[in-house]
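Next, two complexes with subunit A in common: one pairs it with subunit B, the other with subunit C.
== the complex of A and B ==
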């Protein structure tokens, strides 16, 4: 418990420092944040138009799709607003930039992930919570569930980013592969989970685990179902665990580097 | 007490090239079974040409890299096994890598480091104030790192690495790119820390000024092997057999006789500069010859520059170890 509190304090210190670093260029930060908000809103507007023609899509209404977008965006935003280095992991490994992080008396991975903040993720986070409160009008119980499921989805995204980024330990520079794989995950994370069957459904609970974003959390929220909520959490914890395992297994192959670099 | 103990430490990297049947693996030895003991409080210069194995050794001693074979203990810890515990007791400065936040002032990075090292607020404030004063950080304490000169940045880097009062300070080319004044300032600070606080200093550098000013002992590594391990004070005088003799005369001189082991570096109307190989000819014999050719106004005998000594050592083949 003490260790957890200590880590939370450290995480808060990092968020504050990263925030201050972004505020040195506040114009750039705000414009990135607004661009992401706008981008997400356009997609929701598209789904809104779609549902004016077809009110129900395989049992899902526009409210469910908005909930899906809210959970996916808030989860992704929360993950990378705090653990921004998860998106850079493949590059950091390939360029031997883990050295600096290995010189601190901290558990490597959770410390390293705190090192950077992704500006656009704040746009996702704001969008997710804003659109859920603004369009879905949840009661307090639903909102508390939403917060919990957002954290679960954030853990899933962090785990998936760590898993794909850690491939750099094995194949050299996995930046492009990691980006592509993550994009596939993101793309599938924004379509209703009920759309897919058979092999694709299997894929969405394995290699591209978007099913833990697009179906289980939304179903959990629709009917306040513990079964779906626990399924969602188990999925996230599993992916996170695999990501951590692959990272530490790969770390033994780490070869450092001599690239000149600065932090922040 | 031994700060660093290294026993037959060996590190090789494997590279693969080609495809399918033509794929070949190449093994490159970076550090080749080196052994070394460094007592607490000593300042050691660990030098060698590019690719000699210096940085790889530092990375193994700080727990960044696992060795292929051999043993090492740093302050009683096996670095690659006890990385976290060791990290609380050592400070590391990489001249080409920064631990400071580029867009923020050094003040902010030090506050974060206090969290990372779990320093009590009161202890942190005391150490921070002491470092700010001793390293002269006040003038740029609130300036973003991106706006600092390289000299200011390096002072802040070293100060940041000392915040948790490490027992060993690893410095990998700390003065690289600095001007003469900034180099002097940084060397003095490191020296002061070594002598007053008793911090063990493990320094790698290509700058002979760093070695002479900071270190008491020099270890030369090349081709992954230790070529020389000697006190800095004895390096020049005992290693090379050459002396530089400068003579000024009251009257012009016309010629100096050719002697075996004596090379004329400079001949002027009123002066001479000679390089003497003392293995081939005693220095007093050369001086007696000089006294015969004119009335001497001044004589100076110097050791060759340290750069020349080090260049000579670097040029030795891998198999030829040197000792004093």
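== the complex of A and C ==
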């Protein structure tokens, strides 16, 4: 318990520090945030138009798709607004930049991930909660479930970013592969899970685990179903666990880049 | 004639340099494959749920071929505004002005070469996918030629808007927001994901006359439903947009050039 509180304090300190760093470039930060908001709103507009013409798609309505976008964006935003380095992991490993993090008397991975904040992720986070409250108008119970599921999806995204980034331990610079894999995950995460059947559905619960974003959390929220909620959390914890496992397994193969690095 | 030869070489050089970076081309293609598969599923489910043979005048195979063209068009867009923005901010523009070529024409032909290669590659891949998933649609050599007639004008119209945005760097701190707004408007109102026929009827009149439709929707629709009368009407609208945007670029470029101050040796 003490260790957890200690880590929470560290996380808060890092978030504050990274936030202040971004505030030094306030204009760029705000424009990136607004750009991401606009980008996501465009997609909601597309779905709005689509459902105006075709009101129900395999039982899903526009409200379900908006919920899906809200959960995916808020989860991704929460994950990388705090753990921004998860998106840089492949590059950090390939360039031998873990050395500096290994010198700290902290557990390596959770500390390393806190090192950066991704500015556009704040746009995603803001969009996710804004669109859920503004378009779906949830009652208190649904909103509390939404918060819980957002945290679960955020854990999934962190785990997935760690998993894909850790490939650099095995194949050298895996930045491009990691980006592509993550892009595939994000793309599948923003379309209704009910569109896919058969082998693709299997893929969405394994190799590209978008099913834990697009289907289970939305179904959980639709009917306040504990079965779907627990399924979603189990999926997230599993992916997070696999990500952590692959990272520490790969770490044994890590070679220092003899890079001189300073952190302020 | 001599200058045409000169700009032709610029386009060819740009095309060749793009063929050298196959990694990036493959990365874009993988994304295209993914997107097309998702949209195929979306429309397959939609056709099946509505039990319609045609939606907005498109059968399912026609819809997928339409999306092949629109997605290939969108994904092949070069970074024109960003490059012009960089030239303005770094001062590289002054170096370009010393050369015996027109800077806007240099950028235009360079982007045409780049886009030609990208579009060709993307379309080839998406056509293979469409053949695999839904088979062929009625096509003719004449129809393809009509499509090839309007396609370069669509590229030029897109270039002119992006070039204008890039020139915004003379006055604005950051043009990336404008690029994003334009690209998203192009995607949404240009019919990238959904043909204009499926938009609410009250919107359709306006959308058909906006330049966004002339870049994406109209060429893609012509590919699926080739017709000489539609081609002529489209060429007319593209011509008007081309004229207006060219005049606009000329005016803004003239203003921008006056703001350049070159110092040092």
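By definition in this document, the second predicted complex is superposed on the first by the 257 of 264 C-alpha atoms of A that agree within 3 Å, B and C clash if a C-alpha of one lies under 4 Å from a C-alpha of the other, contacts with A are read in each partner's own complex, and residues count from 1 in each chain.
By definition in this document, contacts are C-beta pairs under 8 Å (C-beta built on N, C-alpha and C of every residue); 3 or more make two chains touch, one makes a residue touch a chain.
Just so we're clear, the structure is a prediction, and the values are computed from it rather than from any experiment.
Chemist: After aligning the two structures on subunit A, examine subunit B and subunit C and state clash or fit.
Modeler: Result for subunit B and subunit C: fit.
Chemist: Is A:34 in contact with subunit B, with subunit C, with both, or with neither (first, second, both, neither)?
Modeler: Second partner only, subunit C.
Chemist: Does subunit B (first) or subunit C (second) touch A:99, or do both, or does neither?
Modeler: Touch partner of A:99: subunit B, not subunit C.
Chemist: On the A-aligned overlay, A:1 touches which partner chain: subunit B = first, subunit C = second, or both, or neither?
Modeler: In the superposition, A:1 touches no partner, neither subunit B nor subunit C.
Chemist: Please indicate which partner A:107 is in contact with in the superposed arrangement: first for subunit B, second for subunit C, both, or neither.
Modeler: first
Chemist: Which partner does A:252 contact after superposing on A: first (subunit B), second (subunit C), both, neither?
Modeler: First partner only, subunit B.
Chemist: Using only C-alpha centres after the superposition, what angle do subunit B and subunit C make about subunit A, to the nearest 10 degrees?
Modeler: Once the two structures are overlaid, it is 100 degrees.
Chemist: Just checking: does A:196 make contact with subunit B only, subunit C only, both, or neither of them? Give me first, second, both or neither.
Modeler: In the superposition, A:196 contacts subunit C only.
Chemist: With the two complexes superposed on chain A, say which partner A:17 touches: subunit B (first), subunit C (second), both, or neither.
Modeler: first
Chemist: Minimum CA distance, subunit B versus subunit C, superposed model, integer angstrom?
Modeler: Minimum over all C-alpha pairs: 19 Å.
Chemist: Using the touch rule from the top, collect the residues of subunit C that touch subunit A in their complex.
Modeler: Residues of subunit C touching subunit A: 23, 27, 30-31, 34-35, 38, 41-42, 45-46, 49-50, 173-174, 176-177, 180-181, 184, 187-188, 193-194, 198-200.
Chemist: Show me the residue ranges of subunit A that touch subunit C in the complex, using the header's touch definition.
Modeler: Touch residues, subunit A against subunit C: 27-28, 31, 34-35, 38-39, 42, 45-46, 49-50, 52-54, 56-58, 176, 180, 183-184, 187-188, 191, 194-196, 200.
Chemist: Over in the complex, which subunit A residues touch subunit B? Could you list them?
Modeler: 6, 9-10, 13-14, 17, 20-21, 24-25, 98-100, 102-107, 111, 252, 254-256, 258, 260-264
Chemist: Quick check: in the complex, which residue numbers of subunit B touch subunit A?
Modeler: Subunit B residues touching subunit A: 13, 55-56, 59, 62-66, 83-85, 87-88, 90, 92, 94, 96-104, 108-109, 111-112, 115-118, 144-145.
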